[in-house]
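These are the structures, in structure tokens.
One chain, chain A, links the two complexes that follow: it is found with chain B in the first and with chain C in the second.
Coming up: the complex of A and B.
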């Protein structure tokens, strides 16, 4: 199993995770994905990569370091993002009942292994 | 932004707002401009339309030679700005979109909202009137009328 597949597999096993993607940060294109039906991976990839890029620029403008983890919470679930190696972002789409804390730990760990 | 047909305006405006594209050109496969955003000179529009239509024709022929179906889109990545070129079917015939964008957006965002614009154009296109063929004797007057509509002069 490749490091990319291992990273996706590790996060996908967490209960409540509906999909995981590895995305290029600058382009917002999907590098690898494991998604359940009904999750629009291309849209999630493009929009989350854009969001992470803008948040990074906002943090840098404020004299802060880029975010290590991003959590966007909605009524019916959340989008989680962990910037990985240069120009890669690990993205997870999770349901409302997912263990976000565990997902966060696993995503940061998985992202660090992609460096 | 200027468009020859009013039903193109809303989908194109939505695309421009969401994608942050710098320049956008919608044209037929023969290079006739349907709408444009960001161009200030008619000469630039005509040149871009002719080149874009030529590139799409070349890549589609290349795809045919390779035994593949048509390419979905063609993206040129540049340092300061990039270009997306994509042909798509509409009820008015096959059209081409040429989009120039910078680092303030991404190719993923541009492709995502370009595809949404195509869907909106499919829905918004009037069905009752088929596209009329461009006849050689009408070409110059049609071209001048189009440029006047696209640039207001």
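Coming up: the complex of A and C.
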């Protein structure tokens, strides 16, 4: 199993996680994915990459360093993102009952291994 | 001039960038030399805008000078830099009480008690405020009589803070570290100063234009419904983006020492305040 597959696999095992993707930050292309049926991987990749990029620029303008973790909370679940190596973002789509705290730890750890 | 003030003055003159201004300002304040204390504190706060102690000192002096609005702003700045700062929580509680808002005073005292449960002056002040809320009697003198980090304010009058209403009245830190932005990326309220003192408000507001639409598209296309909040953990700060109304976004920024979940709670409170303010001014 490659480091990328291992990283995705660790996050996917967390209860409540519907899918995990590794995307490029600049253009939102999917590098690798493990998704449940019904999750549109390309949409998740493109939109999350764009949003994370915008928010990172806002953080930079505020004098902060780029985020290590981003949590977008929706009505029925969340999108989690952990920027990894240059121009890579680890993204997870999780349900409302997912343990976001555990997912956060695993994603930050997994993202650091991708560096 | 007493020996300690002379000694501190000499130290500060020899090394203007030192933190001796904190001791000197406090010594002058205690001696009632408020104008001199204010000049020393203002110089120090200007040199160290990111130092909560400097704002705390300014607040104590301004409170003694009966400039309650100025004291409120300075304690708010101290809290923005150090949200767990007990002296600032107590000071703001004192000001709220003097302004007749016992509920807000109690809220700040209870948070101070959470940070320092062993401080008997906080417990006493909470009891007094609760009693006053029940009996609607005269205000307690907790700040003036208790042996607390916030020294007595004997010259304070009963005049409530007179600053103009803002979108974040009653929210920890006030306007500092909050940014209310319209759908075009224009700032409606709040300020965001970087650590180096640079006012980044308008620049950050511009970056946030369209963020709400993008977040809404992302969550909708992923089958997650609408979006509620976006939390960003940066190595040196925590940011939470929320949407008080359909046409606005609110960015709350705090130091990374404040746990993200608490920044989220603060953001919720700020969003409620902003929503209420928008309804009043809109």
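Everything that follows uses one rule, which is that the second predicted complex is superposed on the first by the 115 of 115 C-alpha atoms of A that agree within 3 Å, B and C clash if a C-alpha of one lies under 4 Å from a C-alpha of the other, contacts with A are read in each partner's own complex, and residues count from 1 in each chain.
Convention: a residue touches a chain if its C-beta (ideal position, glycine included) is under 8 Å from a C-beta of that chain, and two chains touch if they have at least 3 such contacts.
Since the structure is predicted, the reported quantities are computational estimates derived from the model, not experimental observations.
Chemist: Clash or fit: what happens to chain B and chain C when chain A is overlaid?
Modeler: Here the two partners, once superposed via chain A, fit next to each other without clashing.
Chemist: Going by the contact rule stated at the top, is it chain B or chain C that touches a larger number of residues on chain A?
Modeler: Comparing chain B with chain C, the partner touching more chain A residues is C.
Chemist: Return first, second, both or neither, reflecting whether A:50 touches chain B, chain C, both chains, or no partner chain.
Modeler: A:50 sits against chain B and chain C alike.
Chemist: Using the touch definition from the top, say if A:39 reaches chain B (first), chain C (second), both or neither.
Modeler: second
Chemist: So, does A:74 touch the first partner chain B, the second partner chain C, both, or neither?
Modeler: After superposing on A, A:74 lies in contact with chain C but is clear of chain B.
Chemist: What is the contact status of A:93 with respect to chain B (first) and chain C (second): first, second, both, or neither?
Modeler: second
Chemist: Could you work out the angle between chain B and chain C as seen from chain A, using CA centres and rounding to the nearest 10 degrees?
Modeler: If I round to tens, I get 110 degrees.
Chemist: Between chain B (first) and chain C (second), which does A:61 come into contact with in this model arrangement: first, second, both, or neither?
Modeler: second
Chemist: For A:103 in the superposed arrangement: first (chain B), second (chain C), both or neither?
Modeler: neither
Chemist: On the A-aligned overlay, A:21 touches which partner chain: chain B = first, chain C = second, or both, or neither?
Modeler: In the superposition, A:21 contacts neither chain B nor chain C.
Chemist: Least CA distance chain B-chain C after superposition, rounded to whole Å?
Modeler: Value for chain B versus chain C, nearest C-alpha atoms: 8 Å.
Chemist: Pick out the shared contact residues on chain A: the ones touching chain B in one complex and chain C in the other.
Modeler: 43, 47, 50
Chemist: Inside the complex, what are the residues of chain B that reach chain A?
Modeler: Going through chain B, the ones touching chain A are 103, 105-109, 111-112.
Chemist: Given the complex with chain B, which residues does chain A contribute to the contact?
Modeler: Touching chain B from chain A are residues 23-24, 26-29, 42-43, 45-47, 49-50, 53.
Chemist: Which stretch or stretches of chain C touch chain A in the complex?
Modeler: So the residues of chain C in touch with chain A come to 192, 194-196, 198, 200, 203-204, 207-208, 210-211, 214-215, 217-219, 221-237, 239, 241, 251, 253.
Chemist: In the complex formed with chain C, which residues of chain A make contact?
Modeler: 38-40, 43-44, 47-48, 50-51, 54-55, 57-59, 61-79, 93
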